[in-house]
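Several structures are given next for inspection.
Next come two complexes, and both contain subunit A; in the first it sits with subunit B, in the second with subunit C.
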Partner chain A sequence: MGCGVSHGVVIVSAAFELPSQFETFNARSLRPDEVARTFVPPEHFWTIAKPSHTMIVGPRGSGKTTLLKMLQQPALEAWHGEDAGRARRQIGYTSVFIPTDRSWQIRFGGVGPANSDAFPRLGQAAFSTHVLRALVGAFRHRSGRTVDLMIHRFPHRRAQLSGKAERELSSTLAGAWRLPVSVPTLAGVHLALTERLMEIRMLALQVEDRTRHQLPATELPEFVYLTFVEAAVLGVEAFETAANVGSGKWAMLFDELELAPAAIRTELISAPRSVDDRFIFKLSLSPFSKELGALERPDAPAPGHDFVSVQLSYPRKEDGYGFCRALLSQMLRARNLSDVPAEEVFGRSVFSTDPVAYRKGKSAYGPDSAITRDYKELSRRDESFRVYLDERGIDLNNLHEGSHSQRAAEVRKLRALVAVRNAFRRADTDEHKPQRLRSRKAPALYAGADALFAAVEGNPRLFIGIIGGIFDAATGAGWRYPISRPIQSREVERASHRFLALLRTIPVISDEGAFQQGRPKGVLDVIRNIGEAFRKEIVSGPFDPEPFGSFTVDSHSAETTVDLLGLALNSGGIVYVPDPDGAEVLSSLRGKRFRLSYLVAAAYGLPPRLDKAVSLSRLLSTLEHSGASGDVDVQRLPGIN
Partner chain B sequence: MSTFKDFRVSTDMGLSVNPWTVGAKAGYDLMIAALGYEERATFAAKQLGYSASRKIAFGFMHRQVLHFKENMDWFFKAGFEVIEAKDGEEFELAAEAALKSQSRAAGDRQIRVCVDISSFSRQRLAFLTSFLLRHMEGKPIVDFIYAPSTFAPPQEDDLPISYCEPVTSEFGAWPVGSDLPTALICGLGYERDRALGVDEYLDAAGSWLFFPTGPIPEFVPEVRKANAELLEGFPLDRVIYYDLATPFATFARLQSLVSGLVDNYRPVLVPLGPKPFALATLLVGLAHSPHVSVWRVSAGQTEEPVDRPPQGDLVGLTVSRE
Partner chain C sequence: MSDAASPESSQDESIVRVAVLSDIHAFHGPAKGEPPSYADEAKAEDQWRQHPFPGLTALIKTSKLKADLLLCCGDLADKAEPGAMKYCWAFLNETAKLLGARLCATAGNHDIDSRYGYNAFDARGMMQNLTPTFPVREGRLADQYWARQFCIVQSGSWRLVLVNSAAYHGQGSDDAQPPEYAHGRIAQSTIERLKDALTPPTNAAVNLLAIHHHPMAIGGVDEDGSYMANGEALIDLLAMDRQMWLIIHGHRHVPRLLHGQGGNNAPLLFGCGSFSALLRGRWATSAGNQFYMLEFPIGAASSLGLPLVGRFRSWDWHIGLGWEHATESSGLPGAGGFGCREHSGAVATKVADLVRKRSPATVSWLEVLAKYPQFEFLMPADIARVRTELESSKSIRVQWGAGYPTELSL
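What follows is the complex of A and B.
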């Protein structure tokens, strides 16, 4: 390119040093050795690393890509730390990482003419080419043919490949895969596969053009009929022969399959029962996909038998705390800060109901304690709460007396409800005025270790984003801990705001007809309705010690609403709460229980609690009957202001 | 505008991009305008269309409101062929037929085309830009003209997004380098938090923002307000200000940035905000095809029509294939 201007030119440095706050937290953008540098293995990792077919299910940001990338040879060789040796010993297979690309789904899923048979065929060809390209990448790693950016101190599954053997292998692959390879090396094969992807693109554009002009389809080249499994089997056998290594296991790691065309997703989900047993399939998926109905057929692979299913979300927030603490330690060490307990760094959350802490700190519920003052304040401002206390015979001056009694435990469980009602509910001073939010800025409620851990849902990308932001702000203000609550709360607000912007951006189909029937609905609209209905139940309505705070998608819920909730589930806006023996992957939401993610809940002034379930249609009808959504000033809530 | 009149940018694809000046000799073989509801839809045609041998106004089939009828009457009276077509395939076939017939009529002669981009949708503009500069025979010289509008306050836009995808299939990058990280280059508009949502949705390894400035100062605080959350703490060296009145400088900046990124990233260009930035993204997208994609992010036809009267100036770029 020649650029003949001196004015207005943006100088871009080669290194692209990204400021830490705006670095990606997405493992998709990182090389395996970069992922390994900061990897903290959650308990799930050891299940995923086993040599068995695995389905990894989790919403956006839950760490699926990180976990898969860490199974690769370059990551294992770069990883050091106490768990790394165990991983290298356990992983006795060669991993082939195959990322799914968003633009690839769009090309063959939306833009192309629907009436062309060639598009699915070309889609399959692109997919197969992608798989083979990744496989050749794995051959190159094993045989030391890559330009390593670091010295691998911990060799893993290396293989010797002489120059002559490489030439023979390349020729074999070129013949079997119908590739014009000009240089008979693995790099040459890799390049030829890249060129094939370009050729497929050209073919796709030609097909699109001919279809638009209603011209007869051109004949497609032979290679589009190659299937990836057969081609990969042949490639693996050729490599093992050339390198003179015994027949081994190969793990095909398919990442972000929710972005792949449905036909490919279905094929891979069904693969464990039909492919060569030298291949292990590890698939990462979002929690909901209609194609997962394939798993419900009698002949389909069964969880627990044909593949292991690993759920990366935490319906009960405490289950993710251990991972959060490990990640926090790692982040503190990376910044050369003292590795101290989370409660010392962030303080204690007002939402914490830790019974040990309660017993230790009996005085926390003394007559003049901050907690008791909160309860007293609410009893002054909220008549329904006062009535509840009176009916139960609870004396707020004696909360500390019954520390072991059932009643004391009940009162302690109200703490989160008391906190949000105090914070966001207007006092009962005017009986005729509809209950609205309190007209003051949201206090620093969403601060403290438990509240932060709950907000991130054990999601490493969220954790790194929020905690990293808090550390940056705290460092700017002169690092000392516990970090001030407004700093913490502000970062939760920002993350919440960003998350709502994401929910608004998830595209939904709204044609002109839909608009004529009224304003079309998006993911955020459904989430907003649920958030407002729960806020009415928990914050602005009469006090209920056991309010509804989760929902079940019932048969009366509109199909459009259910579809939008599917998108919300996959993006992490809602969280599936399975029964003890319930499915971990969903092909339908009906009959299933969900809660709002705690980051979304914070935007609506709700506490991070798993409350009892109500049917979705009943929940939403409470808004229709009361028009409550119009009575609330959403702008004062965290994450929205 | 005159600051850049002596400069030219060439690209690897062989695009030659020059500043357009008001005084440039028109003498067009073909003038293309959009027949929509905005008052400014006829402004450029009134200034430049008199000299064109053939004049076409492509009408939208939806939202025929506000100034649509008035604009249609004017286009008819001014001798424009009015072609109404649905978005997508119907428009593309109609536009292609019209452009090909013009090309055939010209024979070997290089033709001059004027496209008023002011009221075109991004999708239609993408097709026209690609066809004129990539597929049309005879290597036409194309003046892309834009009429800035007077200030119109932003609407309370809370509509769900209908489209978040490559603007057309030709501008969708191909996953040849899918192991490269994504870089987002996003224009800013005054739709609240829309750029923030795109930033989250694409979750790019790095983001750069193009902030519009120009002759109408009221826009700037509105853009800043609508993007306050995204801009807070955003690295200053990644917020690139561009002037609506100098589309050539905008193109040059964007071309320079993308050229620096493309070896290490897969850039995704998202032209929110004014049309001159959308045009710049399409030209840069063509120049770097298939390694760069250009996306549209919009509520589509569900967006409330807003009138945009012309502010009184015309700006533009002259582009041709080398």
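What follows is the complex of A and C.
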């Protein structure tokens, strides 16, 4: 776990493993065939599956591990469905999946100076050993040596390896990799590599002991100096010779690189430019790390040239809808339900701006329509909205006139703002009596297909968690379409609360002596500040048809705040909105634009839409000047306080 | 050396107006890592609240700003990027037209390709080939700027010296430590030539000198030694001149206003904040991206018996909001003055006496200025000291506006 001190506050670096809700859906603990059982390929998958170097960027829970695991032979063989055949035809390489392991980061745990060479060398040795062990695992899969818990129905890239050939191969690998192999089989080599990991750990402890007692350093064994690329090249050549399969491509899949030591991460990021071309590198990592400056050097691999970059977050929510619909279909089928459109299952959302949503038998803008009712209600409660209507010459009794014109588009665009202001804003005529509760229940605002799809941000883990919860509740309440809006909204609110509670658990250790009042203490604090500032802007402040809804991290934003935002980005609390052709992996947040995730936005009564940007320092300064949002009916807000 | 005639003249002969910006650092995005500035050529300019260029155009139009002179103190582009330099120069020319102003500029270290990133032998070629001509449109003066490291532009009641403090960037010995491109410089030969050029009498009431690098080290700011070598000689030269000078510079991105070293004719130094660079380090939270309008009321200087007085207005750039009046925490406040050197203690005494003589003992700042008009031209730091003096020693309560008092009372 890495830490840095900023203004007296110790910020946990991105190397800390961020918590994630719906952990049971985490693919890390699943076997490839288990992942394949329920896999629905997003459009990204086909890009990732191409035989090219790839960098997969996304926050926790966005599906990076699942996508990589699905490239492996066991997963491809276990995968059923029409997409599976396409994948097996497209993927003409052998994948080797290597998750990041804590043993790659070996540190001196004592007091005083460390033996500066031994620890990073041992960490590198652990890394190389993991790579070679995963490679041998891939050899075993290809040659059918693994114990299958199910019958693989679709053989993919199998290789024939006789017993004699396997013995010779094992001996070759043992010699080249300096391995004492007791049983000359691939399983024996695999076991020997596992034993080596244990030996590395013991060596690290010995070195630590000797360092602590100021004893002379012992010489490290030869295998510590093996480099994984050269060792892997030899291993691949030996296997292909033994199995008589001819030279092929091998994809090294490195997962969760944000947890890896900086030196290893830098080495892998630079690999596309420097490594044997039989290897394809596919790397997954979080969107932000200060150590990703390696990508900004003039000689660094460039996206679009040296590698393909795949973003798993969707700054524009509509880009994730296709995947959500496909996943919904699968979930409906899994429950033996008819595969019907999402709008039928969940209804339409008030946040939808799709013109189709507004076509009805009679005019959607008529005097008795929902839109007109919403607008009229707000104009009664909100003087600033009345002023806006007057200035624009909008007659609420005649909204339906010219319904196909630009006026109709304007009306639709404002509906989200009208909805949240109606839901959460006290009427201007209300006396401010904190004890008085609204007679109406909290509104079921975050319901309907659009709202749900926006809230999950195309994140499969979130989607399964929220939609699964909705389905369970709907079953208990008596299944019908569309599913009750309060049920939907409650699940979104629960997920939102859980997510914010998780953000609270990201440790930030404060030095109380240096801590100043007003500085954010943790990730949740900075998210809360941003959420409340936008709430003032969009909900409680004077009506603005084009409010701010995203922010740019400007020069004046405090360093502590920026560090916390980095953690928020990697955990999915905020979403990066890149410029066209903008960088997809960030080593600095300054000058970049972000929005709150729509799940977080729901906690602050904000509509799920990408509004224009304002500088972060200016946004947060509005909280200092105007105090509490007295015009907001906090009793009705679902937010976490 | 100087151009005494100009087709353009001030619309108001008694006030000279100068619009000032510096250190734009325009670039062509998207940036791989942290962008160098907000002035991204690749970004659409239809949103004036999201880009400082159209933002400035909107400010000029809505506030109906006019000027005699638009001055840019260098670093048009970031790291001498050619496309960005042309983009920025075109913007400055359009802005000058909008202001009804004459455009003058000076080169910064980022404008000279001193590391030969785009050219193997000519570090200044890009700037020298800009159209219209850089740093002024008159070719003769531009040639003098590049050949002699300075030129003098004069029009009516103002005179402007443009000095090239990056003259030797891309030259200098490879063994020099620090390398020449790491700091500014004015050679002694340039000082001598400038002295000769300034010797003949002038009728210019406002005398300005624009350079990119700051001419002297300022404590707490200049940790990297990048100020002008031999800059003290320039300050001494101007201090010995008959006129009172205002030096306007950029480079450090730290807005400030102070007196140069020397006697009571030492020049004033107006240090511009950066127009649009992404600020870094400890200055990031205490300096803003700023644009300025300076006014020199010649008649007021004359009636007050002061050699040079002026007012300034500052605007800060905020993404999403555009250019807004600056606050005190961004460097230079939204409004202020310069040219009056009266000691803050004496000022406080006069103000306190005025308040005490009133019944009720309340005076507006405008009433103070009516009696002591020179106080309008106190520098922000001096006004702040006056406030402290009034509150701590004179028991005068000060209501404070945006950089100056509004009301004083017992």
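As a convention for this text, the second predicted complex is superposed on the first by the 552 of 641 C-alpha atoms of A that agree within 3 Å, B and C clash if a C-alpha of one lies under 4 Å from a C-alpha of the other, contacts with A are read in each partner's own complex, and residues count from 1 in each chain.
Simple rule for what comes next: a residue touches a chain if its C-beta (ideal position, glycine included) is under 8 Å from a C-beta of that chain, and two chains touch if they have at least 3 such contacts.
These figures come from a predicted structure and were not determined experimentally.
**Student:** Is A:Leu205 touching anything from subunit B or subunit C once the two structures are fitted on A? First, second, both or neither.
**Tutor:** Touch partner of A:Leu205: subunit B, not subunit C.
**Student:** Regarding the shared-chain residue A:Lys50, is it in contact with subunit B (first), subunit C (second), both, or neither?
**Tutor:** It touches nothing on subunit B or subunit C.
**Student:** If you stack the two complexes on chain A, which partner ends up touching A:Ile506: first (subunit B), second (subunit C), both, or neither?
**Tutor:** A:Ile506 sits against subunit B, while subunit C stays out of touch.
**Student:** Compare subunit B and subunit C by how many residues of subunit A each one touches, and report the one with more.
**Tutor:** B
**Student:** Have a look at where A:Arg618 lands relative to subunit B and subunit C in the superposition and call it first, second, both or neither.
**Tutor:** It touches subunit C, and subunit B stays clear.
**Student:** Residues of subunit A that sit at the subunit B interface in one complex and at the subunit C interface in the other, please.
**Tutor:** none
**Student:** Would you mind writing out the residues of subunit B in touch with subunit A in their complex?
**Tutor:** The touching residues are 3-4, 7-12, 62, 89, 92-93, 158-166, 168-170, 172-176, 178-179, 181-182, 193-194, 196-201, 203-207, 229, 232-235, 238, 240, 249-250, 252-257, 259-261, 264-265, 287, 290, 293, 297, 299-302.
**Student:** In the complex formed with subunit A, which residues of subunit C make contact?
**Tutor:** Those in contact with subunit A are residues 29-35, 38, 40, 42-43, 47, 49-50, 278-280, 284-285, 288-289, 318-321.
**Student:** Within their complex, state which residues of subunit A touch subunit B.
**Tutor:** Spelled out, the residues of subunit A in touch with subunit B are 1-5, 7-13, 16, 18-19, 21-24, 26, 28-30, 99, 101, 103-104, 106-107, 110-113, 126, 130, 194, 197-198, 201, 204-205, 208, 212-213, 494, 497-499, 501-502, 504-512, 514-515, 519-525.
**Student:** Which residues, counting only subunit A, touch subunit C once they are in their complex?
**Tutor:** On the subunit A side, the touching residues are 293, 295-296, 548, 551-552, 554-558, 578-583, 586-588, 590-591, 612-615, 617-619.
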